[in-house]
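As structure tokens, here come the structures.
Across the two complexes that follow, subunit A remains constant while its partner is subunit B and subsequently subunit C.
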Partner chain A sequence: MKSLENGLNYQDLQTQLRQKRHKQFWTLLVVGGSYLALSWLLHFSNTIGIWAIPKSFSWLFINFVPHAQTMQTLPDILSKLLATIGLAISSAFIAAIFAIGLVSFCAPVMPHYLGVKRVVRLIASFLRNIPLVAWSMLLLFTFKQNDLTGFLALFLMSLGFLLRAFLEIMEDESSQIAEALQVTGAGGLVILCRGVLPTVMPQFVSWILYMIENNIRDATLVGILTGTGIGFVFDSYFKSLRYDLAGITVLCIIVVVIALENISAQLRRVIA
Partner chain B sequence: MIIEPSDQTNVSLTTETTKPKQQKIKIHRLNAMKVVLGVLAGLTLLSFMTMDRGSVSLIKATSEFLVNLKYMFLQPKVSVNLLQGLSNSLLLTLGLSILTTFIGVFFGFIFAVLSATNLLDRRYTLIARSVMAFIRAVPTILWVLVFSIVCGLGINAAVLGLSLHSIAYLGKAYSDSIEALGTDRLESFKASGVGFWATVCQGVIPSIKPALISWSFIRLEINFANAVAIGAAAGAGGIGYQLFVSSAFDFDFHEVGTIVYLILITAIILEIIAVQIRKQFIDTTQR
Partner chain C sequence: MLEIKHLNKTYKAGRPALKDINVSIGKGQFVVILGPSGAGKTTLLRSINQLITSDSGEIDFEDQNLRVLNKQQLRQKRQRIGMIFQNYNLVERLTVIENVLHGRLGQKNLWQGMFGVFSQTEKQEALRLLQEVDLQGFELKNCSDLSGGQKQRVGIARALMQHPQIILCDEPVASLDPASSVMVLDLLKKLTVEKGITCIVNLHQVDLALDYADQIIGIKAGAVQINEPKSQVDKAMLQALYDKES
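Coming up: the complex of A and B.
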């Protein structure tokens, strides 16, 4: 439409369209080609893959179905599940306290905040990009097989994520309010506690809620690696071929994750 | 993992003092937030009190942990032979994450169209939404373990498990962006008699291209992290498996340090690429 207004004629439009088609064709060719090349390089068989999906789901619905005996073990699974939820919440909450403390020093009213911000960003990137596997194994080696190991692994990971998220929110939201309050002659600490933190807090809480959801999912992985919580329960049932128990464990995880997703969506609506 | 596919609405303290109603809502909000934080604090305390800490002395464990951290990050070591193997398995993990992102983008978009309420009737979108919520609720590692029963531990199960989770994640992210378009623009397509898939290709895709690109690259980063994780926990090979072997069987934290550095560098390069491409795309679309 724009080109017509600019006085371009029909032929120009035609060439433009042809160029667009050309570009689309090549993009498709490159993407498709690299897909095939990658699956060849990785020895991924597309035919086996496609057939495995219906097979796996039918296997899932046949073997993961709980029966009467399964229910006897349910209290045991539920207690582990509650412990895991506790881990997810506490690690996210404690990480949030640390993150808020660190990010407060990056508010534009603090002395040397630009330098501090750079350091905090570096710490966040470091914590976040080190794989959870490395943290888990390192902690397992020294803190041994108990819930504390799981807590610390989740804590370090959450701290990395929350630091980055909080820092971004702080950058976007705080400069205007800080400037406005500085004009009134308020001191740095007052601006931080009465102006900046209340402004960013709803978004911080929203991120904490998201971190809890995510920690439940990650707790499964950490549990499998370090032998703690619900991940360990699943892994031991799965490897000893007690599929009905493994199935009920997965069902519990699904219920908890979906429930948490909905609860935090509701809470966000109230807070934000 | 880092950013959730739902709108995080910005909140700022409005200074419209002429409307007493709004003031009331604001107080209500702050109270609700205090309640949420209070409940979380209570649950944290409860969890700490009931936590199984084992019989390890905390001070001793912490000092040992710091020593191992020092081995890892300040004295990384590796033999030349192993380095060859490591770079191969790093490439495998990277390839795995790219391949699964391709699959995730393609099928994720189809699912997104099927679950966008401004494109289809609520009866259909509800089905697609529930399927995706179900897939997302199961952690990736469990999907890989389930698939490994049918096709054996290895690359096939890893690709399927990672792809399935990517499809569900991207499906939600994309459909949120499609719904953010609203109904007006799509109505005008409908009114001029454009077919359904033509509307999607000519109306929807060009409008949400920046969102599509940035979500896809975010998922690529997540898939890389997940590919490392499932390599370790499900024995799917790649650098994650090497990491698992050298930490859980060899207890060689110098070697773990090298592997972690390799992963760290790759992850940071991926992040930089993602940021650059996102920037470029947003620039060209705004022009």
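Coming up: the complex of A and C.
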């Protein structure tokens, strides 16, 4: 392609645009063709699929709508939901404490910087690359059905996620401030406490809030798998065909998630 | 006060950043380092306080070669060499007074440093320094709420809190508007005259260099091309410094 400094004549421009259009056409053809070919291979009918959507929704609304009698179980559901929120928040907090501790060793001002950082990165990758479902199942076999299993699954996922995020923040934000305090003659730990951590902490807090939101959503799934918390309540109502109770459970989860998202958005604004 | 002898630094083999630098700087001098981008000005400045480790040569400050000091000795020497940065490098989330007090961190023990415990004398000195840099009333403001010129003055107060013999200034006015630039350079000049502190300043603006400098060091392609009192520096020398052909 000719550079703009050398000038682009009309003929060249037309060729460039034609080539771009051809590229778009072929991309569309490959994506669309693959979709149709795979649908045919899996015997998936698009028409039936699309028509099933309104039917499914009307089934949902008919069966999942709670009625007056459903409300009697609300205190039980809320107490389980509260336990789930507690689990989500505590796992995120404990993971954050561990993550801050580990990431602190990776600050540029700390000794043995490179070696420790590699180990911490390895831990983060290991924890993150095993999906939550797999952690839940693995821990279920080891610790059986109880709250500790759910807590550990959420804790390990949160730790992997927060470690990764904190490492990136530490790398991006800490070098300039570390240098500024280094020239005063301050040592590594002092620079970490007085310069690096105050600089990165607002971003750390923002990620911890996100992790809490995420954990509340994930806690439901973990609960289904490990037989604990609100997830277990939903699962048992659903399997015993008490759709109205399953419906109110889902409604409670949605309300809590939205409320927490709003609270954390407000908190983020305050610390920004 | 500061003697640099045969200083060399190479980042990439075959492309030296500093070539046999020999410079002598006296007490209370306002020294400006000039030169085109990539000439080695920042490398030279950062080599002085060992933020960059040079390959060979000597950096003699207070009768000691900074290049051969161990970690502990270097930390002690750094307390006597302040530095201000182009991007201010303040802890923006903390208050102005806390940032100024950071200048004392090198002289604190581990626990005092970690928890930011400062004596009454130190706090009073920080307040006085803020008055000196014309920032009274800003003590409890967060640094993130200040303008560029104000941030740079906090940086100067932090450096002064170290009781330095030398202040290294890495392009201190590059991010500032002309009025703030003059204010910051006036302040630095005042420090050299009134307190006898040596200021070594990297600058891009030749006109400002000619206004403020006592001594001009011109660096081109890692080598010293000018090392003269300002009165000895003429237009031709400066043209040659920035001339791409020569």
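Keep this in mind: the second predicted complex is superposed on the first by the 256 of 272 C-alpha atoms of A that agree within 3 Å, B and C clash if a C-alpha of one lies under 4 Å from a C-alpha of the other, contacts with A are read in each partner's own complex, and residues count from 1 in each chain.
Just so we're on the same page, a residue touches a chain if its C-beta (ideal position, glycine included) is under 8 Å from a C-beta of that chain, and two chains touch if they have at least 3 such contacts.
Computed from a predicted model, the values in this text were never measured in an experiment.
*Asks:* State whether subunit B or subunit C is in contact with more residues of subunit A in the superposed arrangement.
*Replies:* B
*Asks:* Taking the superposition as given, does A:163 touch the first partner, subunit B, the second, subunit C, both, or neither?
*Replies:* It touches nothing on subunit B or subunit C.
*Asks:* Quick check on the superposed pair: does A:81 touch subunit B, subunit C, both, or neither? Answer first, second, both or neither.
*Replies:* Once the two structures are laid over each other on A, A:81 reaches no partner at all.
*Asks:* Just to be sure I read the superposition right, which of the two partners does A:248 touch: subunit B = first, subunit C = second, or both, or neither?
*Replies:* In the superposed model, A:248 contacts neither subunit B nor subunit C.
*Asks:* First (subunit B), second (subunit C), both or neither: which does A:154 touch?
*Replies:* Neither partner.
*Asks:* Return first, second, both or neither, reflecting whether A:193 touches subunit B, subunit C, both chains, or no partner chain.
*Replies:* So A:193 only meets subunit C here.
*Asks:* Applying the touch criterion given at the start, work out whether A:181 contacts subunit B, subunit C, both or neither, answering first, second, both or neither.
*Replies:* After superposing on A, A:181 lies in contact with subunit C but is clear of subunit B.
*Asks:* Of the two partner chains, subunit B (first) and subunit C (second), which one does A:201 touch, if any: first, second, both, or neither?
*Replies:* In the superposition, A:201 contacts both subunit B and subunit C.
*Asks:* Which of the two partners, first being subunit B and second being subunit C, lies in contact with A:99: first, second, both, or neither?
*Replies:* neither
*Asks:* First (subunit B), second (subunit C), both or neither: which does A:124 touch?
*Replies:* Touch partners of A:124: none, neither subunit B nor subunit C.
*Asks:* Output the subunit A positions appearing in both contact lists, the one against subunit B and the one against subunit C.
*Replies:* After superposing on chain A, subunit A residues 177, 198-199, 201-202 contact both subunit B and subunit C.
*Asks:* Can you list the residues on subunit C that touch subunit A in the complex?
*Replies:* 49, 51, 75-79, 81-83, 85, 87, 89-94, 102-108, 110, 113-116, 158, 162, 168
*Asks:* In their shared complex, at which residues does subunit A touch subunit C?
*Replies:* Contacts found on subunit A: 176-177, 179-187, 189-191, 193-195, 198-199, 201-202.
*Asks:* Residues of subunit B touching subunit A in their complex?
*Replies:* Answer in residue numbers: 1-2, 4, 6, 8-13, 29-30, 32-33, 36-37, 40-41, 43-44, 46-48, 50-54, 56, 61-62, 64-65, 68-69, 72, 92, 95-96, 98-99, 102, 133-134, 136-139, 141-142, 145-147, 149-151, 155-157, 159-160, 225, 228-229, 232-233, 240, 243-244, 247-248, 251, 253, 256, 259-260, 263-264, 267-268, 271.
*Asks:* Considering only the defined contacts, which subunit A positions touch subunit B in the complex?
*Replies:* 31, 34-35, 38-39, 41-45, 48-49, 52-53, 55-56, 59-60, 83, 86-87, 89-90, 93-94, 125-126, 128-134, 137-148, 151, 161, 164-165, 172-173, 177, 198-199, 201-203, 205-210, 214, 217-218, 220-221, 224-225, 234, 238, 250, 253-254, 257-258, 261, 265, 267-268, 270-272
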